[in-house]
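The data blocks that follow each hold one structure.
Heads up, the next two complexes both have chain A, just with different partners, chain B and then chain C.
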Partner chain A sequence: MFELLIKMAAIILSVSILISTYRVFKGPTMPDRVIALDIIGINIIALVGVVSVWLSTQAFLEVILLIGILAFIGTISFSKFIERGVVIERKRD
Partner chain B sequence: MKINDVIVQTITKIVSFIILTFAVYIFFAGHHNPGGGFIGGLMTAGALVLLYLAFDLETMRKIIPVDYKIITALGLLMALGTGIGAILLGYPFLSHTFDYKDLFILGETELATALLFDIGVYLTVIGVTMTILLTIGEDDY
Partner chain C sequence: MSILHLVVLAPFIFAIFVPFLHKYLRHIHTGWFVFIVPVLLFSYLVQFIQPVMNGQHIHKVLPWMPSIGVSFNVYVDGLGLLFSLLITGIGALVVLYSIYYLSKEKEALNSFYVYLLMFMGAMLGVVLSDNLIVLYVFWELTSLASFLLIAYWYHREKSRYGAQKSMLITVSGGFAMLAGFVSLYLITDTFSIREIIAQAPDITGHALFLPAMLLILAGAFTKSAQFPFHIWLPDAMEAPTPVSAYLHSATMVKAGIYLVARMTPIFSGQAEWFWIISLFGIVTLFWGSFSAVKQTDLKSILAFSTVSQLGMIMCLLGLGSAAVHFGYEEGSFYSVAVVAAVFHLINHATFKGSLFMVVGIVDHETGTRDIRKLGGLMTLMPITFTLAVIGAFSMAGLPPFNGFLSKEMFFTGVLNASTLDIFNMETWTYLFPVLAWIASVFTFIYSMVLVFRTFTGQFQPEKLETKPHEAPLGMLIPPVILASLVLIIGFFPNLLSKSIIEPATASILPTLLGPENSYFKVDIYFWHGFNAELFMTMGVIGVGTLMFIGLHRWSGVYDLFPKRLALNHFYDQGLVQLERLSEKVTRIHMTGFIRDYLVYIFAFFILLLLGSLYTFNAFTYDFEHTADIGIFEVILSLVMVAGALGVVFARKRITAIISIGVVGYVLALFFVVFRAPDLALTQLVVETVSVALFLLCFYHLPVLKVEKNTVPFKLTNLIISVGVGLTVTLIALSANATRLFEPISEYFIEASYKEAGGKNMVNVILVDFRGFDTLLEILVLGIAALGVYTLVKLRLARRDEA
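Coming up: the complex of A and B.
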């Protein structure tokens, strides 16, 4: 029963990632794609959690925090590039 | 247009310290658990990149007046020094050892010379990553 639930959760998260991938490819504007990539990152965090429960290991728990940090930094740099056209500014006016 | 970055700057001031703490944890966990110098250095560079994103190059040069190329050289010297030290004590190059010592607060702790090598890897990864990113960022646009 528990195994079935874990598999169901993994499948549902995979479907969610696939639907977000459709938005990445098809998104009319650039912010749509950035938000879709952020959603994919968060779904991957959940998938890693589900997989580490499935394999009953604690070795992947750092990966969860790592993907969260990387998705945060990536989304901030993308949004800064969209808004200003430059990622790291030389001098703030 | 007046630029206002108060949300991203306030969040950065909090989150960068969380990332730095996580980097130090994952660096010291590397001996018995997943982690180590490489990913710890990359996470530290990630925290620095977040600071560079929220603020600008001039401010960060005032806050952290460090040339990252010197950090790379320092890390490589430290990694080489562990090898040279083994030669000076009469063992083959890069021989490592460990011992259990009673530290002040931590109690009995395993101290390995592989940690010194890993500090070298850590500093080298920080230096190379930040040098690449800042060399690209300082370019004229």
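Coming up: the complex of A and C.
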């Protein structure tokens, strides 16, 4: 029963990743794509968590943290890129 | 190391000192010091005549590279002694002549004598070494020295052209010869000529026997200027005249003759050997003498005459090889051709050497070698005229000079050949005598042209650059010696027959000698009675005289011969076309586009790997070891495939970059599913960074050239990419199916905590069990970082602008 639930959760998460991927490709504007990527990142975090439970291991907890950081940084830099045109501004001197 | 080895090496050793002698003893002509070397060597070699006459052979061993069977063995028998006497004897005369020919002040004497000594040593090495590889080394040294000597006046374009031509032709021949030698080694397992000859009867059936023969003959024919490789010799006449006299008449061009003579005991008795040598020889004889008549330059006449005489010697060697088919009794009837070849070899060296020196004197004293400007020099240069008459009449085969004797023997040889009943000879019976006779007529004509156009007729002082007068005494001594040899051999030919010719013939035809007759009985007489040969000579003289007198009436026949069919034209066009063709081929495949090179690389990848999978029948599949496939992996795979397709079919670059990111993250998920947490961590970070870098590149694409097109479709690319994918998949499947032994991972599982004190096995392997790889990968990253920094910061090209 438990295993079935886990599997269901994993499948549902995968399907939601697929749907978000569609948005990444289709998404008429740039922000649509960035948001979709962020969603994918969060879903992957959840998926890794589910998989860790499934495999009953603690080895992937760092992965979850890392994806969280990366998704955050990625979304921030994309946003800045869309807003300002550059990611890292040069010093003004 | 014996004294005989020193004989070969002495010229090389002395050559080292020549530049110093030239530099510090400037007031003495350097040639005088060099003159000592050939004189000493000649007088040393003369003492071997006695033992060689008695059938003794001197063999001295000096290991050079014993592990591969190469040793510098010096072997003196009749043939080697004859050649080494020629080389040192004529070498001494040529050095003496060059002392008066080359000016002490104007010429670079140091390089001249270094090259000449190098040539002399190399030539002695060719004729005295018993080892094929050593022979080849010296052979190439003669080519090199000849190249340097032809281009002695390197500021002239024609000299450089002639040097390049001779180099290309002789070195390609030499290379073929090396291949032949190696084939002989493969057959007999030895490089020693003695041992190969000892095995000669057993090797004729070997598959490499015929290729070896042809390749060695290619070397001999190119070196000895046989048709159609003779074209380099007339162009080599741009060399200084002493060089022409020494290299291109007396010694180097006879290296091929030597090789054929030396190889006769191995290959003779084969129909191919007989036919190739005889036919090439007779054609060269005819073509050389025919072409010599139309030349207007004295040295060109002599060059073509050399070609023709070499053809004659070669033809005689070929005809003489038939004697091997018969025993001693009947064989001696045919072996007269070999005796004639050896005899004419000596005669040709004497009269051709003197004729070249005569031409050099004429050139030196009048400033031209063009027979259209010369004439009437007889009274001005009486000694030179006498020498020219002796040399030219001997060349034409007139009595009482030595050329007459060898020409008679030549006729005997070709007449005997027409009675041969082996090698399908009977159908070609009259080919040899007829061609030989016609060639002799032409020989007679150009010999007469040489003498009478230069020394008789109208004296034309207005066309000459300097006022002609008789040459200095020193310049006359060497041709006088050679011309008196012509006369001495002419009158007393049997001086040579016992001492030189018989041992030389014995080493060319060793199988004909039994225990009771250890040498050939050679008797050369002027008078044989009224026989066919004498009538042939009389015919030559009669027809030749008539044709010489009427030369202007029929010389138009040479204009009929189209220039485009000339062999030089073929050579020149061949070089040009070769260059053009290779350039074209290079241009076709070296397009400068990386995509084309990638196509080549991947096409060969597919061809080689799929080809070997197919030929070795190596494709196997076996699903016994595969794990079960869960629904989760299937979904991930589908996402990954979708991402990959997204890269390929993306309409915009940004889509492609994001799709690559998708592929990378899914890969990280795969690492998660397949229980590789460290890999997953790294993969996520690296993927993020590289996607960011891609975005950076995308942003910096130049504004004007932005192409937001789809990838253009190309069928080749599709085929190749599908092929690569298929190949890799097939190989992966086969590799997975073939498990030859257990993996070693069990050891790491056991040992990582016990031996290394770590529970994370991946990290223990990275820094402990296999720390070296990690170290170097750190190095790679360091280099990459420094490289990026340098590329960004270092802008040498724009420094000037800034």
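Throughout what follows, the second predicted complex is superposed on the first by the 90 of 93 C-alpha atoms of A that agree within 3 Å, B and C clash if a C-alpha of one lies under 4 Å from a C-alpha of the other, contacts with A are read in each partner's own complex, and residues count from 1 in each chain.
One rule holds in what follows: a contact is a pair of C-beta atoms (placed from the backbone, for glycine too) under 8 Å apart; a residue touches a chain by one contact, two chains touch by 3 or more.
A quick note: this is a predicted structure, and the numbers were derived from the prediction, not measured.
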Check your understanding: Would chain B and chain C fit next to each other on chain A once aligned, or clash?
Key -> fit
Review point. Which holds for A:S77: it touches chain B only (first), chain C only (second), both, or neither?
Key: both
Exercise for review: Could you say whether A:I67 touches chain B, chain C, both of them, or neither, answering first, second, both or neither?
Suggested key: second
Point to revise | Partner chain in contact with A:I44 - chain B first, chain C second, else both or neither | key: second
Exercise for review: Scan A:M1 for contacts with chain B and chain C and give back first, second, both or neither.
Suggested key: neither
Review point. What's your read, chain B or chain C touching more residues of chain A?
Key: C
Exercise for review: Applying the touch criterion given at the start, work out whether A:E89 contacts chain B, chain C, both or neither, answering first, second, both or neither.
Suggested key: first
Exercise for review: Pick one for A:A59: touches chain B only (first), chain C only (second), both, or neither.
Suggested key: both
Study note, to complete from the structure: After fitting on chain A, the minimum C-alpha spacing between chain B and chain C in angstrom comes out at 5
Check your understanding: On chain A, what residues does chain B touch that chain C touches as well?
Key -> 59, 62, 66, 70, 73, 77, 87
Exercise for review: Would you mind writing out the residues of chain A in touch with chain C in their complex?
Suggested key: 7, 10-11, 14, 17-18, 21, 24-25, 33, 37, 40, 44, 47-48, 51, 55, 57, 59-60, 62-63, 66-67, 70, 73-74, 77, 81, 87
Review point. Along chain C, where are the residues that touch chain A in the complex?
Key: 631-632, 635-636, 639, 642-643, 646, 655, 658-659, 661-662, 665, 668-669, 672-673, 675, 677, 680-681, 684-685, 688, 692, 695-696, 699
**Study point:** For the chain B and chain A complex, residues of the former touching the latter
**Key:** 3, 8, 15, 19, 22, 26, 29, 33-35, 39, 43, 46, 49-50, 52-59, 133-134, 137-138, 141
Exercise for review: Could you please specify the touching residues of chain A with respect to chain B in the complex?
Suggested key: 59, 62, 65-66, 69-70, 72-73, 76-77, 80, 85-93
